[in-house]
Amino acid sequence: MNCIGVLTSGGDAPGMNPCVRAVVRTAMAHHLHVKAVRHGFEGVMHCNFEDMHARDVGGIIQRGGTILQTARCKEFYTVEGQELGVKNLRYGGIDALVVIGGDGTMHGAMALHRLGYPVVGVPASIDNDIWGTSMAIGVDTALNTIVEAIDKLRDTASSHKRAFLVETMGRHCGYLALMGGVIGGAEIVLLPEVETHPDEVVECIAEGYARGKTHAIIVVAEGAKYNATALSKYIEEKSNFQTRVTILGHIQRGGSPTAFDRLLAARMGVRAVDALLKGNNGKMVGLHGRDISLVPLEEVTSKQREINMEYVEMVRMLAK
Amino acid sequence: MNCIGVLTSGGDAPGMNPCVRAVVRTAMAHHLHVKAVRHGFEGVMHCNFEDMHARDVGGIIQRGGTILQTARCKEFYTVEGQELGVKNLRYGGIDALVVIGGDGTMHGAMALHRLGYPVVGVPASIDNDIWGTSMAIGVDTALNTIVEAIDKLRDTASSHKRAFLVETMGRHCGYLALMGGVIGGAEIVLLPEVETHPDEVVECIAEGYARGKTHAIIVVAEGAKYNATALSKYIEEKSNFQTRVTILGHIQRGGSPTAFDRLLAARMGVRAVDALLKGNNGKMVGLHGRDISLVPLEEVTSKQREINMEYVEMVRMLAK
Amino acid sequence: MNCIGVLTSGGDAPGMNPCVRAVVRTAMAHHLHVKAVRHGFEGVMHCNFEDMHARDVGGIIQRGGTILQTARCKEFYTVEGQELGVKNLRYGGIDALVVIGGDGTMHGAMALHRLGYPVVGVPASIDNDIWGTSMAIGVDTALNTIVEAIDKLRDTASSHKRAFLVETMGRHCGYLALMGGVIGGAEIVLLPEVETHPDEVVECIAEGYARGKTHAIIVVAEGAKYNATALSKYIEEKSNFQTRVTILGHIQRGGSPTAFDRLLAARMGVRAVDALLKGNNGKMVGLHGRDISLVPLEEVTSKQREINMEYVEMVRMLAK
Amino acid sequence: MNCIGVLTSGGDAPGMNPCVRAVVRTAMAHHLHVKAVRHGFEGVMHCNFEDMHARDVGGIIQRGGTILQTARCKEFYTVEGQELGVKNLRYGGIDALVVIGGDGTMHGAMALHRLGYPVVGVPASIDNDIWGTSMAIGVDTALNTIVEAIDKLRDTASSHKRAFLVETMGRHCGYLALMGGVIGGAEIVLLPEVETHPDEVVECIAEGYARGKTHAIIVVAEGAKYNATALSKYIEEKSNFQTRVTILGHIQRGGSPTAFDRLLAARMGVRAVDALLKGNNGKMVGLHGRDISLVPLEEVTSKQREINMEYVEMVRMLAK
């Protein structure tokens, strides 16, 4: 192995940059050449390859987003596309690839692996919906963004009967909303995985005020049956509470990566290069307990991660 | 004068707490007693008065919201309510009042003044829509909240054709959206004061991409003809740009006050007590240039502040 | 068991407050009474006990420091003191105690346990030097404070030949400096556990500049043989590099707890009450992998945690 | 005039980047070419000129430091150097120059002006020691950095008798320490401009504790007669207070520019280009009241700005 490639794909996640930095510098420490693949798998399709040197990843450790940019690429989802991809990589002198991204990205990596191309995946996705790692890169930063927003809402507690609704990302996975609820001190959380009747929310707010709380915070995943806007209307119609809606949207994908995400990114990047060097292909690096270890991409792409329902109860108990 | 009261009223603004602190401690330095009026004018109606000592305002300088809480009070908007208010204040031993809040609050202060009660106003409102001061307490913190959110969106620039819409507060006044646009590097801003056709927005985004920009940020005041949600639908229907919406909502009212807001709050609080001591009643303290000076409440409550249209042009020019 | 007590002791750590909140609310959910012990073991000595209700821990989840305050208490380090402590606790109607703090605090908890008093410890210390948990409450927040400081230094890179020295806490344990170095992108770290000759530092800076780096960041634990001030003098005398020193000091103990620390605090607080309810006394809750589990205080207080030397090498490799 | 140049010089100040962006884009809007001069006046000496296009200043609005880098340049402080500089600029096709920096930089600009070269200065320096503007670019960001640090110290208030000393930048000018003291709620400030006997500090801390304060914060400018380290030793020797020292150092020069600094930078950059276009050379743009107006560089470089001593008293009064 002479040269490895590195790409980022799918939705941005804070920490992709320090991970790219770790991949590049670890490879250099092992006297490998490194090529950046720009725009994810689209770059694979179009031979968008570029030599990377140590200085090219200087000053990026603290930057959100990804200097390699991401894209979505329909072409790559066909077998023809994937075969062309492997050809391009080999033609470009790239012997093996580190692929950084979310669930869809791991499927792309798996496709390359099936075609016999050496690849290792690194999980990076704020949704934390990837099987095979307890935390993906970017989750911690997104949670901190959510919690800072909730803290600001809490500041504006008043004597009004008012409920604040915060909509987080999570179309299919309620992880961010759930954990945001625990650490933000929310009254209740609404998730895609659990159906909650809006009357239960109204009741919950009413109880909180009865217990003397000066604010009620509801965290809603965008994929919940009632999203924040719908829930807001329901509450105002059916109760005498005023509601105020905050939709965080893509600000959850940005921001300077936190200490946790930088460390995770560094460790995973180092380990991914190490796996390629040892011929441990077709794997994803994952955080298991305190350790970074390898999981077969086959397993990652065939299993579904579930949220821990104990936390749903914890939100309610700690808000009392 | 033996005892002054202090109240906060209307929407929360970051910096109310350091202002209350400055009022209390300045009064004490002049050997006055201080009473807190809780829940704004509602507290005046219900004699919700409480002795304040120097230590009661310890550790609040950095806290968002207001320890005195605010409320809306319909009763106080009648002449009977106001007369009862003056009676209550006098009965409670409060000889003069510092009233901290927004435009509506200044009208309340003016009502007390008309009835011969000594009052001085302090402008605090994130909307910056109060006549008679170049900056109200809270505006700078809100602008920093907006700009931090926009910075995070900018991180997630990608190769997609995508526009980010950020909705700020401002039902009648576009100040936050306008200045947020200048300092956030937005392509275009939509304000209540200026009608902008959504086609102009689409064109503006398209031009930006044609010039090689990797992101387009649109800042929309909630009171603009097309709010963020409406504009998002329009753009997706009429163009091939994807949109992503962030609605900041009440997080703009919270957060630890910035250096600027704390200094403004301290200076205004000191000056308000000074004005009462000198018998300069019926005035609002305002920032004029570098100086804190007094404006008659009559003027404050009868004039309308307007936004500076030069900045609308500046947004467009600097985004090129 | 009718009533549990909760205290914080030793150096402040961000996250103590959300942990106190979790203890109080979990206890209430199990229909227990809760008493706060103010000022740590000093409060035990002086029967500084106070009833806690659910609302008393409202609005503290985001606050740094500890509402229960901490203190150091020599009296409690004698057997007589400890026996008096147990008497006081029983006399005060406190049947069991949750003790939140660092290494010294766990020794205090162990002393109570030896006297047959039911106690469970919760590790909270920014130094991360407590045996029996992979992370203590407060460490993540402190690391984020360090990394934000380093990011600001990196901004001011210039064409001067200049090295920035950042001194972190850590008299005996270099954890913060080491991890701060990894995630801050430092050239080199100086730790109490490893002796580094200052010439090695000079060489390292010189090499970095030779490789084209525009800044050199050195992270120094306060307990390293050469602290930041000493190292600065050495470098300026022996090389032509200018140095600039930042001593972070106690700002590392403050700040709103991060998402990670709040979650850890909530989980540990819940688990500590659960342990007392199940009669699992004389234990400390610890993070092991993803799980919160119990470790005997005997083990905690008799073993020494060591830093992972692999990270020392990782700093050097990733800075290249 | 066909082409203008822009350079940054002296110590970094947050906001230099958005100012460069404003200069470049305003110039382009007026169909001028723009050349960057790298490394300040050193770049003038060595013809380090580079064409700038609109996209070259994309994505820098939020970044600390300066993409043009700064340097110190002894050569330029001689008349020969200055004459060579003018020659180089003309030879490089640069017809006029926007010079962004501190007091020393304005002297450099004045030198060019004396030689008949068209130049306009923009004040950027965290020290706020430049005559002719109420605020320089960077001051607001530095103040927010200081106040965030002080807030973290305040979190760790304890029952110990302890004083926190915070050393800010300011060798000759105490502006940052003074204003940091007002907005940080310090007990007392020590400035280069006012000699304060350390016994006065001890007394002040003692009084604070006697009044029931749980913490004492002392802000010290690096140029004060007793700096933080010296003061710390004195206090510990002469009283029974423990002290804890934080030296902020260069982190005050970094960080993403605040809303205020970005707006000031944008307005000043726009105005500087406008001045050059109108032939208003030999001036510095300054903030006067709410307006950006022009001051002769001759005046700027011959007068000394002084701090407002009223704030020294305000610190003491508001800390009571």
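As written, the chains take the letters A, B, C and D, and residue 1 is the first residue of each chain.
Note that in this section a residue touches a chain if its C-beta (ideal position, glycine included) is under 8 Å from a C-beta of that chain, and two chains touch if they have at least 3 such contacts.
What you are looking at is a predicted structure, and each value in this text was computed from that prediction instead of being measured.
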Looking at the contacts, which chains touch chain A and chain C alike?
none
Computing the C-alpha centre of each chain, which chain sits at the greatest distance from chain D?
A
Taking each chain's centre as its mean C-alpha position, how far apart are chain B and chain D in Å?
28
Roughly how many whole angstrom separate the Cα centroids of chain B and chain C?
38
Expressed in whole Å, how far the mean CA point of chain C lies from that of chain D is 35
The positions of chain D in contact with two or more other chains are 151, 154, 157, 214
Would you mind giving me the full set of chain pairs in touch?
A-B, A-C, B-D, C-D
In the complex, the residues of chain D that touch chain B are 18, 21-22, 25-26, 28-29, 54-55, 58-59, 61-62, 134, 140, 143-144, 146-147, 151, 154, 157, 179, 182-185, 211-214, 256, 258-260, 262-263, 266, 270, 288-290, 314, 317-320
Mind pulling up the chain D residues that touch chain C in the complex?
12, 14, 39, 42, 63-65, 69-72, 145, 149, 151-160, 164, 214, 229, 244-255
